[in-house]
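See the structures that follow.
The following pair of complexes shares a single chain, subunit A, combined with subunit B in the former and subunit C in the latter.
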Partner chain A sequence: MSPLRRSSELAAGRQRRERAVRAVALASVLLMALLLALPLLDLLRRAGAGLEWGTFARPDSVDAMAAGMAGALSASAMAMLPVLLVATPVGLAVAICLEELAGRRGAARWVDDSIRHLAMLPPVVYGLLAFGGLVVVFGLPVGTPLLAGAVLGLAVLPRLVLAGQLSLRRVPAEVREAGFAMGASRLQVVTGHVLPRAAPAMLGAAFSMLARALGEAAPLLLVGFAAFAAGVPHGMTEPGVPLPVLVMRWGALPEPLFAAKAAAAALLLVASVVVLGVVGGLLERRGDRA
Partner chain B sequence: MSRGALAEWRISLAPAAAVAAALLVAAPAGAAPRSHAVIAGSSTVFPFAAAVAERAPGPGPLVLPMGSGAGIAWFCEGLGAHTPDIALASRAMTPDEASGCRVAGVTPLEPMLLGRDGIVLVAPVGGAIAALTLSELWRALAARVPDPAGGTEWVANPYRSWSDLRAGLPAMPIRVLGPPATSGTRDAFAALALRPACEAALLDHPQPDGERRQCGELRRDGAWQDAGENDDALVGRLRGDAAALGVVGFGALVRNPDRISAVCLDGVCPTKEKIQAGTYPLARPLYLYLKTAHRALVPGLDALVDVFFTPEAVGPGGYLVRLGLVPTESRQAGGVPSSHAVPGPGDLAARIFGIALVTVLLGLVAGSALVRRAAPARRGVERLLVGALWSSAVVTAALLALVLASLVVPTLNFFLQVSPLAFLAGTHWSPESAIRTSQAVGEGAFGVLPVLLGSVLVALIALALALPLALAAALHGFAWAGRRQRRAWRFGIRLAALVPAVVYGLFAALTVGPGVAAVAAALGVGASAQSTLAAGLVVGVMLLPVLAVRIEEVLAAVPLAAAEAALGLGATRWEALRDIVLPAAGPGIGAGVLLAVTRALGETVIVLMAAGLVAAWTLDPLGATTTLTAEIVSLMAGTHALDNVRTQLPFVLGLFLAMIVLPLNAWALRILRRSDVTPSPVF
Partner chain C sequence: MSANPARDATPGDDGVLRVRAAGHPAHPDPVLECRNLSVFREQDPIVTGVELGFGRHEVTAIVGAPGAGKTALLKALNRMVELDPEIRTVGQVLFNGEDVRSAGVDVLALRARVVLVPASPTPFRMSLFNNVAYGPRLHGLAPDRTELERRVRASLEAAGLFDEVRERLHGGCEALRPEQLHRLCIARALALEPEVLLFEDPCRGLDPTAAARLEDLLSGLARRCSVVLTVQSMQTAGRVARRIAFLHAGRLIEVNEADELLTKPRHRLTEAYVTGRIA
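Right, the complex of A and B next:
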């Protein structure tokens, strides 16, 4: 066998291996897509009987026929208000403070570290923290959108700070240096130069965090939301069980119609989370381009 | 610290003080009654109370099913908007509880008899057991029984199969799902079904007082399984488990006639008439307890209470009767109403949020307007703004640190009563400890290892599914996908990683769990509809996009020069990946896997919906299991007083979980920092 022949055979073998590995990798992508689509398709199949107008327009009931998610939709929407209006601006403000204004020593370092650690806690632990802090000490009323929003806001706050810091860090140092060189003050550099460039990414991260808060159930189970709330809440302090917790309640009941309605509610949840996620993703991508 | 920094600090204190003052001023002004009723307690009464709540006028009441014991404990904490107005109980209040209520000032009370209920032992329709005697039931479930081999000794329960009890019974393993120790149904079951049989046995096999005190105690070797407070959810679990029996209220039997059938006890089958007449041995009354003082506090409370007793509800064919309530002749007389106005914290909290919001908005507006001004005026303003930002950061961190302390305090209290060694090294998890002194349950066993094992098993199964797939798929996105494909891939996994856990949890409970059980049955292996495998697989699916994001982040940070050089010299892409990219990315990918593991350890909802909540010291993936997170949720009693082992336990587990997750995460982040990757905090 000539050496030439052997090397060409070797090359062919290498190409074959390349093709095989590539095929396996592609198959993994497809299998992963299938595995991720499977829950949605299964729920879509089950949701059939639950998909009627009343399911979305009526409040919850012990009767499977009458049960609806209007109360949960209202509660979920209202619970997002504290997250959006308090936790998000505070989180991003803290991020600006830590990233742009503070040094890397002393109190700043301590605040930065504790926020970094708090962001690692599983959401369910925030339920315990919220029970001890918000319910027992501050006396927020259990089972209301106000408490749900406060718990979820608390749970996303450290992550929001980290996300904000990450967006700010992506702004090149030259931008700041140019600002300082022109005589701008620290705050002018931040508001006039850094923030405009970081804003899309920050907003994008905020939308993604909102999507996670919207779908989060674990911490709520610890502060009185594993409950039945009659009617539709019209205020922050009226009883309301957010949508993810309602899905859990309905999903545990033996009546098949409840399971169908739980599936419908879960799909609606996916749809809203995907909308928020797409907006967030597009914003972040715009931030990358800027 | 320099003088300038000191000045900055002094200025930074001013806004913080202003906010604090505003809060203090707002606090007393926030006193206002609650607008809706809060009802808490027995899960047997829960469906009836929920049906009434639906029909009550005014803002919808909140009904919390937490068990009679926990409900009464919360109810008796005092008066005011932070406590329930009505307690639901499937047994009468004990003297201990009543005196606790009196001490807390919760008087007068109005006890009302809502109706009667029978505790029923149920099997899935077509079950093999149609009738038992109470003595057989006791011998099946008691912790200790007279030695079946003869003699006068009492031994730990040796019966494994129903056929061990009596020849005619099927050779099925004894497995009964029932309510946990916080439940009134459990108390009544112990008092009505177990205690009489136990005392009868004591006559034949006299024993010292020790056995008498333990009468009514349930065995803890897995034959009895605590299955949560909710009767209907328990029926849902029986759906996938033909060999199990359940202990539920009569209402659950009426609501699910095509799913479960009753086991007759001592020759009497539970029917409405037999329960009403009291001839069914496990018949018991259902009560509502109302705080008279709250009639003045909560506007719609009077009307709500009346709805419970209207003819449409409890009359013949009434909606409560259709749900399975057995009505009685009349409710008991109420107490004397008196009125106290009690502060409600709801508006206070709303005000706090309002103030915080206004502060933030004003700050933003003022900041953007003033920063544009000329330099001399600007500097003072800037210092103020910087101070405000600073104080918000410090307040945030301090607040979060303070709430973290709320985990530590109950944990310390817990370990004053339970030995840390018994907790960390024990292999028996049965947190049965009574929340009242008079309750018929034994000392709790607090060995956390089975729970930890469940968490680890679920995470390992999840990782075994997710890691190979996510890694291969991420490599495809990195090495072989075109530019647009790669962008779509990155966008897609980030979107998929946002899908809420509850969606996967529902899929697990409805499809994967029963599917795993069906496949196992087809292979001739026993499996319940809730299994470690089902939970692990579905957590794995949830982990797929998360892990893909982590790996993608690491790959994106690998310097490409060497790989491109290799490609230029004729290496195939796979060779460049294998020899250059993967060795460089290896530590980062390992760190990403660590982050995914901690995510799996912290996963709560999927496990709650699919794992079955049974602490088992076994590696069998087809059996039910429980995890740290699921136990935190299922043990959370909801009472505010964290004064006993049982109510402190969720906090202990929370701290334990945090102490596992935090170091792992910190380690992963340190590795990632070395390769200059900051993982997105969103996932």
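Right, the complex of A and C next:
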């Protein structure tokens, strides 16, 4: 057999293997899409009777016909305020401090390692921590958007720090060196050169953490949100149950209409999380191009 | 002399082994002077016991293979090396006779007088004008707009970039070619009107024609300030520099006038490097 002939056989074998790998990759993608689409389609099918205007406009009720999610929407929106206004700036500030200003030794390294470990904890643990810290020690009112926001802010804080650190690490070292070479101080380098480049990725991270907090129910169940709350909360300290908890509560009730309304609320939650993720991604890409 | 620098070494008072470099490490009129300068990464020496003077208004090239310690030595001259927390330096660097590591020295003011131009030309995310004006603004060197514009124009002209960018001074730097980026970074450093310019491998990543043009620019800069550069190629050093310091494995092997070092090297290691037998 000529060397050329043997070579073409080798090439044919290589092509077969490449085709097989591509087929496996494509099948994995299709399987994943199917696994994600099926629950969504099932939600849409179940939500049928629950998808009417009153479900979104009325507050919760013990009567399935009258029950709505306006109160939960208001509570969820208000619970996002502490996440957005306190946890996000604090998390990003800690990231900047650890990554750019503190060294890599001693206390800074210990804090860095601790935050990485805290980020790995399941959110339900934050419910326990929050119950001890926020409810027992600080006495935050149970079942209010204020407590929900505080718990969710606490739960996403370590992840926000990690995401902020990753955004800062994406800025090339040459940018810092160029600033230092001109005689800029560390703070001038960070504020003038590093942060403007890291800001889009930080914004994207903040949006994805907001989406995560919006969909979180586990830590809230541990701090007294499993109860029924009538009416629409108009303040941070008025009783209100966030949307994910409402989905769980309605889903557990025996009446079929509650199950339909739970599916409708879950669809709204999915849509909100997707919108936040997409907006975050768009802002990140737009900032990167600028 | 031996080919192994460690065999010629004698321990100093601090226990650091030193090699007496061949040639003329001292300079009669030094702007910068290293005295027993050693640089360590944690416990590992990068540069050991360097004694070297850099002449005023002349180009000095530090030549050596990758890993020889050129960059560490260069960055020790304006304390940029200290930005790495794992690095520590021992010994003295005298700038106009004053130890740059002594107490009370403002390291940011030092870096504005002894300016490093890093190997990778990185423009700031601002207009071309603002890039060059960055240093004078940062250090308050331009009291008014007229002085700032004068500095920017003079620096761009000295870097040979003004004619190419005069129409888009207030535009971004995205469209600049690699050679223009190098020149922009040189102009940005020149706007500080430094006494010494430190170049880290200045022609890296440039095509031979652009590199040759940049070498001409570097030779000419000695009229304005003193220039120290690191480079791997003896040929490049010979074209650009008046004096060459050859570094091998963190030790200064030989320092001499470029012509003499290239044609009559005194150390076997220098000869081996010049002839390409070691790299």
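By our rule, the second predicted complex is superposed on the first by the 261 of 290 C-alpha atoms of A that agree within 3 Å, B and C clash if a C-alpha of one lies under 4 Å from a C-alpha of the other, contacts with A are read in each partner's own complex, and residues count from 1 in each chain.
One rule holds for everything that comes next: a residue touches a chain if its C-beta (ideal position, glycine included) is under 8 Å from a C-beta of that chain, and two chains touch if they have at least 3 such contacts.
Predicted, not measured: the structure shown is a model, and the values here were computed from it.
Engineer: A:115 contacts which: subunit B (first), subunit C (second), both, neither?
Structural biologist: The first partner, subunit B, only.
Engineer: After superposition on the shared chain, which partner residues are touched by A:286: those of subunit B (first), subunit C (second), both, or neither?
Structural biologist: neither
Engineer: For A:58, select first, second, both or neither according to whether it touches subunit B, subunit C, the two together, or no partner.
Structural biologist: Neither subunit B nor subunit C is touched by A:58.
Engineer: If you count the residues of subunit A that each partner touches, which comes out higher, subunit B or subunit C?
Structural biologist: B
Engineer: For A:185, select first, second, both or neither according to whether it touches subunit B, subunit C, the two together, or no partner.
Structural biologist: Touch status of A:185: both partners.
Engineer: Would you check which partner chain A:236 touches, where first means subunit B only, second means subunit C only, and both and neither mean what they say?
Structural biologist: first
Engineer: Under the contact definition given at the top, report the residues of subunit A touching subunit B in one complex and subunit C in the other.
Structural biologist: Residues 185, 188, 192, which sit in both footprints.
Engineer: Of all residues in subunit C, which touch subunit A in the complex?
Structural biologist: Touching subunit A from subunit C are residues 80, 83, 85, 108-112, 115-118, 120, 122-125, 134-135, 138-139, 185, 188-189, 192.
Engineer: Which residues, counting only subunit A, touch subunit C once they are in their complex?
Structural biologist: Contacts found on subunit A: 103-105, 172, 174-175, 177-185, 188, 192-193, 196-197.
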